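Following are the structures in question.
Heads up, the next two complexes both have subunit A, just with different partners, subunit B and then subunit C.
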Partner chain A sequence: MEYSLKEVQKHWRMFGIFAKNSLIGYMEYRANFYSSLCMEIVFLFSKLIYILFVFQLGIEINGISPDEMLIFTGTYTIMIAIYTGLFMDNFYGLSGHIRNGTLDMYMTKPLSLQFMISLRHVNFALPIPNLIAGITMVVMAWQRLVIEPSFIHIAGYIGVILSSTIVMYSVLLLPQILSFWTVKSGSITEMLDKCWDLNNMPMYIYPQWLRRMGLYVVPILFITNMPSVYMIERLDTLLTVWIMAAPVLSFVAVRLFWKMALKRYASASS
Partner chain B sequence: MKAWHKYRRTYMLAFQNAMEYRADFLLSIISGSFIVIVQCFLWTAVFSSSPNDVINGYTYSQMIIYSVLSGVVSKLVSAGFEGEIANDIKTGGLSKFIAQPINYFWYRICSFFGGKTVQMGIVLLMLVVMMIIFAQMWEIQFGVMRTVFFLASIVFGLLINFLLFYSISALAFVVTEVWGVFIAFSQGVYMLSGAVFPLNIFGDAATGVFSLLPFQYIVFFPVNIINGNLASDAIVSGLMIQAGWVIALIFIAKLCWASGMRKYVAVGG
Partner chain C sequence: MGIIRVEQLCKSFEYYEKELGFKHSLKNLLRRKMMVKEAVRGISFEIEQGEMVGFLGPNGSGKTTTLKMLSGILYPTSGAAQVFDYVPWERKKDFKMQFSIVMGQKSQLWWDLPANESLYLNKCIYELEDKAYTTALAELTELLDVKDLLNIQVRRLSLGERMKMELIASLIHRPKVIFLDEPTIGLDLISQKRIREFLKYYNQQTKSTIILTSHYMADIEDLCKRTIIINQGNIVYDGDLRRVNELFNAKKIIKLQFTDEVPRQALAGFGEVLEHDGMNAVLEIDKQDLQRYSKLMLDRFPILDFNIEDIPVEQGIESLYQRDGVRHESLA
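Then we have the complex of A and B:
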């Protein structure tokens, strides 16, 4: 146990160093930083069109009011910030490491290989506009819905966001691991990106079968919907249990799949 | 060798290349269908929750047809060559076009349309299938003339999109790392062209502003022709505006490239 705790501490410390290195990189290449920022702001606007439209319409859609929709869009934007900040660059880079054989170098390091590959780079540019817009929308919606901001409520919301982050890590890393078999992952990545678009709107606009599939089979809808569902107090017992079980199950699944894929790896370097 | 032979060869090469990667285009259509699915479910939910049968001038069937066709048309007219141009400028690949008797603009346009011919064939097949399905579902008549106007407007839309991206590519003469601007521009054009939502759902003021810009003639206008949302005189005047934008954008592109070329430094190549 002591050994494991030491390992966790070591990995935490290393993550801090990775983040610091990434920040230094951005300070060195500022044009890249501003370029990414500008790009992400335009993407953010394209997501905001949906909520703008809902407010203009001013009606409840499948029982969800515009203010409740704002909570969903805000949470979705926060989750995009977490994904682009912590995972996206690393996940997209995996097929390159396999193709070019750079995975060999990471294998020699005294750290978990999955940790090194999936958390090596931290993006500081892309999350900024999303985080600001997302938190603003959630707070605004919270005030408009007159929800009492108790400590329990805020802690619960953060807790569900953490649970969703683990599910997001697992669900979005899983298809990238297929690169061990396919080597190139262009179409996989594109499919995944577009699949993520299903979160543009709350899951309540989808039919029951799609909602169930997106929550329990391929939990892509879990990621952005669960924190919002908690916030608007629509959680039932099954969903409450699933919020705690899904991160564990999905993380175990991705870990096992990673180990299985690694056995297939034959170095591509000379 | 006659002057136009080299451009015909360029067109053929791009055509063959697109034939080779036709599965890739089909895959991109499939992945692009997710956003169409979201929109179809959204509109179904909106129309079932709303007391009105017509929202912002669209019936349910028109809105679904709009969502599906805008997804296909936006995929068809998309550019995607701006990165190659930036790379030519950055690494000196442009130098050979200066030294050799081939015009870069015509080279690019032939290459663009060569690739789009194959995609156009695939999309036309898909459109025929979709029109049959829609006609069966809602008893809509698409009509020969409307289809001809629709195809003409798509060609103009392709030209407008090509010229917009060709013009913005000249930024690579000034900025070395220009990829972020390209992606932002591409997403901006995607939104303003009406690929996400019909532009007139944002009210009269926004529609007035959009009508002054060329973007709505890339997706919004062609899809509204086939959707039956435009009268014959509006279609004809729209096509003329599209032609006007093509001429204006040719001048803008020439201007951007003339000022860019003055800054060009041949590196490598």
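Then we have the complex of A and C:
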């Protein structure tokens, strides 16, 4: 696929149309939309009770105060919203496309196949409660910590969220690409989902070897920790560089892996 | 020089076999014997611009695999192919802008949305100007008589209506090369005929190059002067369809259903009895005797149902093999 400004613009426009089509599709099935919304609210409440419990105990973990912990949890919740809204349905659908050969038609279109497969569907029901709750938690904690809400600070936080989103996209898509070899990828996805839960708590509660692995080798801990670490002003020089380098490196890695995997595609009976 | 050039193209697939039962599943879990299927075995041909060529062959003969390689979906195991000077599996954008593939069993339309949303999506994917899109849409919907169906959810359309929408979605950018893989599969006779008429008209008007795969003889007969017959991954015939037709139409199949039992011996004089169970029979008779024998049978036997059919494609191909002396092991 060619990389030019015109192509980037085209892909952005196409993403807008995908989102619009997904929304129209959702509107056709209102019951499903509302039930997904309710289910996510129940999940969110169960998580909030647990957070409230930790918060009320007022325990500091490795120097992280309960208010700072709320920043981590809020960011984690925002990242869940981004994942479920933009990526989850598409990523889970990849092995189905490979198994049933439905990738065929997408492959012949003059648009990046990876883009079409990984961003075709936008989920509008699942992310809403998480997004609202996540932003609320971050704003609340921000006020309680008396961090100055300057433009630079807000823009910086959004920038790190963007960097984390790219890392999240790459890290979570990578195992799904293995479906080109294994066809079904349920167990790999399950394993990664469990690893994703490591983000539930600040990375400072984990031993240093695990923290380093989760930041630099398989940057799963990067996803929610980096925006929070930026917010509570614990960034050192290495992490600052890593915030800029990790999305580039992880995206290049997933792109190369995708291209390699495509050569394996054998389609399916038709 | 042809717009499509194929030289010694091969494609093999790896697969595993599993015999019946749990024991073999367990065995396979520990160790699987890898098998290789040669789906396409060194085929070569050239197609000129504006030609409409039919790929004919039984299931599993390699027709679809060939089309998938020509459209860049599959990488070949070996060999070369070029479609307007592009190597299809390099998947260059300029190449993709100029061709289209329609697969009878695979949809590109959004299931929950009206077809017009999917068509608009293709407009943007193929970077069409508003005017070009509106003109093409008006023309195609008029030709296929689906103007009133554009606003209906795709999942509520009949198979025939959906196929017409698939065709519009594939042709909206006016491709120069079109690959059609079983576009009439599962459709009733009237819908099949409509689509054939449309394709014929479209080919004449746009001078587009079309490759059509089908195992419906009527599709190929109606549309393509040139036919490439593929069997077990090999091209066994490439040429004028009329010559193949002579072979296929030399004999006819008659299917009979009786109200009372009719012995096999009573039918033997009319032709070769292919199947017989007393109440039903299938006969193969010479075409020249068809009219005379049909009348005789209707007069002589207690017939409940009477059907005349063409010789199946597979059998026609077998006849072709025997005449041309091409060696083969068995038919798929």
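Convention: the second predicted complex is superposed on the first by the 264 of 270 C-alpha atoms of A that agree within 3 Å, B and C clash if a C-alpha of one lies under 4 Å from a C-alpha of the other, contacts with A are read in each partner's own complex, and residues count from 1 in each chain.
Following the convention adopted for this analysis, contacts are C-beta pairs under 8 Å (C-beta built on N, C-alpha and C of every residue); 3 or more make two chains touch, one makes a residue touch a chain.
Everything quoted here is computed from the prediction, not taken from an experiment.
Following the overlay on subunit A, a side-by-side fit with no clash is recorded for the pair subunit B and subunit C. Once the two complexes are laid over each other on the shared chain, residue contacts for A:Y92 go to neither subunit B nor subunit C. Contact with neither subunit B nor subunit C is seen for A:F115 once the two complexes are overlaid on the shared chain. By the touch criterion defined above, A:T102 lies against subunit C but remains apart from subunit B after alignment on the C-alpha atoms of chain A. Note on the composite model: angle subunit B-subunit A-subunit C, taken at the C-alpha centres, equals 90°, rounded to the nearest 10. Once the two complexes are overlaid on the shared chain, A:F251 sits clear of subunit B and of subunit C alike. With both structures placed on the common chain, the touch criterion links A:A266 to subunit C but leaves subunit B unconnected. When subunit B and subunit C are set side by side, the one touching more residues of subunit A is B. When the two structures are aligned on the shared chain, A:L52 is found in touch with subunit B, with no touch to subunit C. Within the superposed three-chain model, A:F124 lies out of touch with both subunit B and subunit C [touch as defined at top].
For the three-chain overlay built from the shared chain A, the minimum Cα spacing from subunit B to subunit C equals 8 Å. Touching of subunit A by both subunit B and subunit C, each in its own complex, is seen for residues 29. The touching residues of subunit C, counted against subunit A in their complex, run 13, 64, 68, 71-75, 91, 93, 96-97, 99-101, 103-108, 110, 112-113, 117, 120-121, 124-127, 153, 181-182.
Against subunit A, in their complex, subunit B makes its touches with residues 24, 27-28, 30-35, 37-38, 41-42, 44-46, 48-50, 55, 175-181, 183-185, 187-188, 190-191, 196-197, 201-203.
Within the complex formed with subunit B, the residues of subunit A that make contact are 29, 31-32, 34-39, 41-43, 45-46, 49-50, 52-53, 56-57, 59-62, 187, 190-191, 193-195, 197-198, 200-201, 204-207, 210. For subunit A in complex with subunit C, the touching residues are 1-2, 10, 13-14, 17, 21, 24-25, 28-29, 101-102, 104-105, 107-111, 263, 265-267, 270.
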